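You will see chain A twice below: alongside chain B first, and alongside chain C after that.
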Partner chain A sequence: MGHDEYQRYDAKILTPSFIVLLALTLIGFFLIGVRFVKGIGAVSNMSDGYPWGIWITYDVATGTAIACGGYAMAILIYIRNHMRYHPMIRSAILTSMFGYGLAGFSVMVDVGRPWNAYNFFIPSKWQANSAMFEVALCVMAYTTVLLLEFMPAILTYLEKTDWHTLQALMDRLHKYTGINRPQRMDERLESVKDLAAWLHPRLDKVLIFVIVLGITLPTMHQSSLGSLLLIASTKLHPLWHTGFLPLLFLINCMFIGYSIAILESIISCYAFRRPFELHELTGLARIIPWLTVIWLTVVIGDLAWRKQLGAALSLDFYSRFFLLEFCLVAGGSLLLFSGRKRSSIRWLFVSAALIVLGGALYRFNVYLIGFNPGKGWHYFPALAELMITVGIVAFEILGYQVLVKILPVLPRLHTRGQLDAGKA
Partner chain B sequence: MKNIDDLWKSGVTRRDFVKTCVTVSAMLGLPFGMVSKVAAAARNADGRPAVIWLHFQECTGCSESLLRSSHPSVASLILDMISLDYHETLMAGSGHQAEKALNDSMAANKGKYILVVEGGIPTKDNGIYCKVAGKTALESLRTAAEGAVAIIPIGTCASYGGIQSVGPNPTGAVGVRDIIKDKPIINIPGCPPNPYNFLSTVLYYLTFKKLPDLDQLGRPTFAYGRRIHEHCERRPHFDAGRFSKAFGDPTHAEGYCLYKLGCKGPATYANCSVTRFNDGVAWPVGIGHPCIGCTEPEILFKTAIADKVQIHEPTPFDSYAPVDLKDKGKGADPLTTGVIGLAAGTAIGAGIMLAKRLPDAPEKGDDHGKTE
Partner chain C sequence: MARPSRRQFLKVMGITGAALLAGRSSADASEEPVQNYDNTLGMLYDATKCVGCKACMSACKRVNSDYGSLAYEKADFDKDGLWDAPKDLSGSTRTLIKLFKESDKQWSYVKYSCMHCHKPSCVSVCPVSAMTRDKIAGTVDYNKNACIGCRYCQIACAFNIPKFQWDKAIPQIVKCDLCKNTNLIKKGITGCAETCPTGAITFGKRKDLLAEAHKRLQEHPGKYINQVYGEKEVGGTNHLYLAAMPFNKLGLPVLKEEPPAEFSEKIQHTIYKGFIAPVALYSTLCFIAVKNMKKQDDGQGKQSGSGKKKGDD
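Right, the complex of A and B next:
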């Protein structure tokens, strides 16, 4: 794994989008503060009937699927041995890291009595038969694994840095406040560098085991996210409640993962004015329709077997959401069957967007829209509740935006051998 | 019996003893920690008050109830414990011997003994309608009351006159409180009263050395503070409007509310629905007979069993069982949906615009740059 495959995106960090995202992040985190000070009812519309609101539905159930880019790419690269996609993995892992880390964080915001959360770290308190426990453990473990997978980028940065920003900051501090540079600072910085250089090759040696874990863990918990709803047999609409929920969630996260990898690549290339990675994207796009076809077949076959096809076509509230989800995924996949469309950035974008929307809607349908806890219960996210989710998503994008400008994350541009970046 | 060991010898096991004390504490509404205090009071047999039990116009049902309460050991315990010096049904002695015991005890324990009265007291024609040992009931009561620390009229007859006081009341029967005015009187009405109410009153006195709180009819509030109706097991049927229409009717067999058969539960203050009889096994309403209001002087024998009582204070239930639910949880509000709509619209619009700007035709070789 050559680290010359990646490069830092050299551009200003303080852009208008940075300011907007920062503002949204600050609003979100302020509201999280309100939630911890005044309680969960002050910011959310969750109730005894709907104990899982938008935080679990989006941040955890859907957000981790969208963060499955790293998982899907790892399968492709390391299991199917398509090393030509390797340059794309680092940005996929970065988004996955944010997605999973913040999903875990959302759970902490969501749990009613967060002060009991420490029990999770005490093995004697574990309930090993619980799907929820499995999800929690995997999300935590996978976040750690992703961090390890991302470590090479940080280590490369540490090895090569000349501490320019830090030096400038210390100089400025000295100038304005008279604080002296700590003695032997250079020496210490040098030892950090040495440590990074020492650690880096050793980490590379064991990284493949970490990657194996990084493929195993999502396979386990993405299916468990489906298992969580198995217990709600009287609450989840029969259109979605099936014994195949774990399988459907697993396939769903894979095609969402590949689609989101395509979307990320297109949007970041567009935003950072880099050349599109059309060749790799076309290759990825060839995999997606097969996954969606399997998924759609299981969905239809299962509905037919459970004699629910009539319900699916009844055009009532639930049926409409089901059909919308179905058409989005099927429509996006149909586009990708055409070789012509697969080699067009525009149609790749459109179809990947449709599939991500459809796949995400599937998870919303299962967790929220098709979920009816009983007569009289209502739920719609409160504005503050929504803004917390928006703030968390904004933080993800913000972190991605900033880190690709600091660390070598994006694929190196081979053809030019140098940056093609305009002034962003 | 002076010694705690003798108590065990007499057949009371430790388990029964503690069980009784816990039951009594619970009924008195005392905190659980008070059990030990009650037990200590019950165990401390020295200095136990003497009890003199007089029978007048009665059927001995109250005594029978106490004796046949489901803990025979409790009956013997309480009888041993309180030093029952005179009880016409229970004492071994008879005739002059018995009368001597009564006089001796009254003299020896003057101002300290508890007087229990069972039965109404006839007052007409100087009370000649009830005589024991040549003395009228009126006479006996007045004499015995003089030296008593407190009087416990047990049963409705002793409390309020009972069945013999019902019009035309040929003997002029009255309750103790109509004759004795200068002594504390704790009425334990009922026909018969629950033996635990009596037991609890005595233990209350032994534990706290004072009399329990009483209502305006002189009944201890821990036992007579609430209506039967409030804790009735058939109450949900009342609330739901399901009533037994006749004895033996399917509605009766289904266990519906007995109000329309004349149940006096809504007007009767007693704890039968909670404590029950025969060691908490059964009580009249439980086996299908309406309450006859035996603790209420204005109801028992004064209204027909089949008459319905007026419910003056229908205590309304807080809410129906959740069958048909009102809206719960918070739904969408205009601001949130507006923001979501705006954001979704912007996102879709931006997506479409972006798609339009992206290159459609595949470029040869490595593509780069974006269309502007």
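Right, the complex of A and C next:
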């Protein structure tokens, strides 16, 4: 695939939103420091009854689903062979990379003894019965795969760069401190360029196998994220505890993935003042209702089979959250069945947002809201705990914002509308 | 052009879905060989004999404080350093006596500590084998050198037994290990059972404890609730209970006989089929993707015509 489909977004990096996001990030990372010095209890409200709080529920279980844009787009493009969406994949992969990388980072903040994590690589410690083992290995592998998938953007940058910033920095250093340029610097930079140029076509050749790995791994660990709660049969409310948890989580991440791809495209086009990719978005929006209909059918069918429909409609605490989740997903999908609404940016945004909210609420319901360890236990995240999550999300957006201004990530503008031809 | 690939895609999804569904129908196919639990070690706690003196609690702290765990440096003493009465199991307390009082005539003490299940959920979920079950003694033990502190064992345990040290920079999981490395080696009996002045805690082989429990039920039919808690719960536990009050009122949950770990493992293993399923999925997807790429390269010349049509579809 030619990298001419993509372009750098030419704009200043230091914007007001950059400053705000940076501030939030710094607060978050400061609190992470506190957590490592004083223990998890010092910044969080987690307890022995609720050992998993907002970090696992949002950053890991929900965050990786929201980061499934890359996964969903890859299925569409490479497996269902809709190459016209190809220009959208790089930004989807970039957000996935941040989403997954930071989910992994959150896990390291959340676990109590992260220095023992090397045990995941020691076969005698492997524990194939544990869904957590599968999730951990898969998420690590997938983050690596995403990095590889994103490599072409970095290589293109390295091939084309004239090291402008670096040169300017060296000049300034020389001016103020008298440090001389390292000898043969230009030569070395040139060899980096050559290396990138050598590597790029070779990577392109095998990239498809990496991409397919990037489809297989999320299929595995997204379903396993559902399997994680299978064992909590006495604690998870029967509205959500079912043997179908893995299947429901898998379909859930797919429709969240397509919806988030729509949202990301609309938001970044709006923020970066680019024309909307309406044609592509309408196509994406056509797929979503089919997935949600399958998902909703499994949910209802399973509840009926386990005779829990009464509980679902009882309007107690759990039932209300269930109905809210259900209505958000169903409502968003209903909108997308209408062809006219599908071709309106506003309605696309509304329906995709409803579906992402509903899908995310499902994951919250399974991991937190429907989880009841017994009498006397309560959980609501502490402020510091929330700020750590906010900091991590801010860092994610910050990274995206900066990288699209440095690397060729966003679809090239002049190819829009005739993407099929432009790709060749 | 998109047609055949879509069919293939659906086929793949169909196969995956079928595998998922088959998992549920053929769930009982992969039964493990029946284990012999007669010789596993355990304790019988008779709530009707307990006077609530909490000597077991202090004995537990005394005998285990030196061993490996850093748990006991932070016991909640009063100002004089004389009285440590924790309210609940925690990162510094492995066993606990509680009083449940319904009325002046209806009350009971209850002792909490690890149940040492035959099919422990904590062992099943631990991703790095930090929780292990001794095959002969049946004791469920924790190894802090393997533990990553993910707390999945806490999510999984139906009895809420494993506790985490929330206020430590270097935390660990704390739970009863039947004095496996302390009193049991030195004296052949757990600290709590050794100390109990009223004989409310009996230590021994599960077979003998179970026989003793049923004997007591037979000899004093009106005295007890007619059930040995732990005989069948979650597939059986090594820690057994007798009581005069319904067990769920004493904070011991009503549980099914099927171990939750069996349910979750069956589903997980049927989906993965010993890693064959992921490999099959990967190869199928590779086949489709490479074919699509080839088609793409072949059709580059006449792309624009068919491309537009595809765009509208």
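What we mean here is this: the second predicted complex is superposed on the first by the 414 of 424 C-alpha atoms of A that agree within 3 Å, B and C clash if a C-alpha of one lies under 4 Å from a C-alpha of the other, contacts with A are read in each partner's own complex, and residues count from 1 in each chain.
Convention: a residue touches a chain if its C-beta (ideal position, glycine included) is under 8 Å from a C-beta of that chain, and two chains touch if they have at least 3 such contacts.
Quick caveat: nothing in here was measured; it's all calculated off a predicted structure.
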item: Superposition on chain A - do chain B and chain C clash or fit; value: clash
item: Touched partner set for A:127, first chain B, second chain C, both or neither; value: second
item: Touching partner for A:119 - first (chain B), second (chain C), both, neither; value: second
item: Greater chain A contact set [chain C / chain B]; value: C
item: First, second, both or neither for A:374, with chain B first and chain C second; value: both
item: Which superposed partner A:83 touches (first chain B, second chain C, both, neither); value: second
item: Partner chain in contact with A:208 - chain B first, chain C second, else both or neither; value: second
item: Partner chain(s) touched by A:275 [first = chain B, second = chain C, both, neither]; value: first
item: Touching partner for A:49 - first (chain B), second (chain C), both, neither; value: both
item: Chain B versus chain C as contact partner of A:234, first or second or both or neither; value: second
item: Chain B versus chain C as contact partner of A:298, first or second or both or neither; value: neither
item: Against chain B, colliding segment of chain C, chosen among 8-16, 44-52 or 206-214; value: 44-52
item: Those residues of chain A which chain B touches in one complex and chain C touches in the other; value: 47-49, 279, 374-375, 420
item: Chain A residues touching chain C - in the complex, by the definition given at the top; value: 36-42, 44, 46-49, 51-52, 75, 78-84, 107, 110-114, 116-117, 119-120, 124-134, 136, 208-209, 211-213, 215-216, 219-220, 223-224, 227-235, 243, 246-247, 279, 283, 373-375, 418, 420-421, 423-424
item: List of chain B residues in touch with chain A within their complex; value: 324-333, 335-337, 339-340, 351, 354-363, 366-370
item: In the complex with chain B, residue positions of chain A that touch it; value: 45, 47-50, 266-267, 269-270, 273-276, 278-279, 340, 343-347, 349-350, 353, 374-383, 386, 415-416, 420
item: In the complex with chain A, residue positions of chain C that touch it; value: 1-2, 5-6, 8-9, 12, 16-17, 20, 23-24, 88-90, 121, 124-130, 144-152, 154-156, 158, 160, 162-172, 251, 253, 255-256, 260-261, 263-265, 267-269, 271-272, 278, 281-282, 285-286, 288-290, 292-293, 295-296, 300, 303-304, 307-308, 310-311
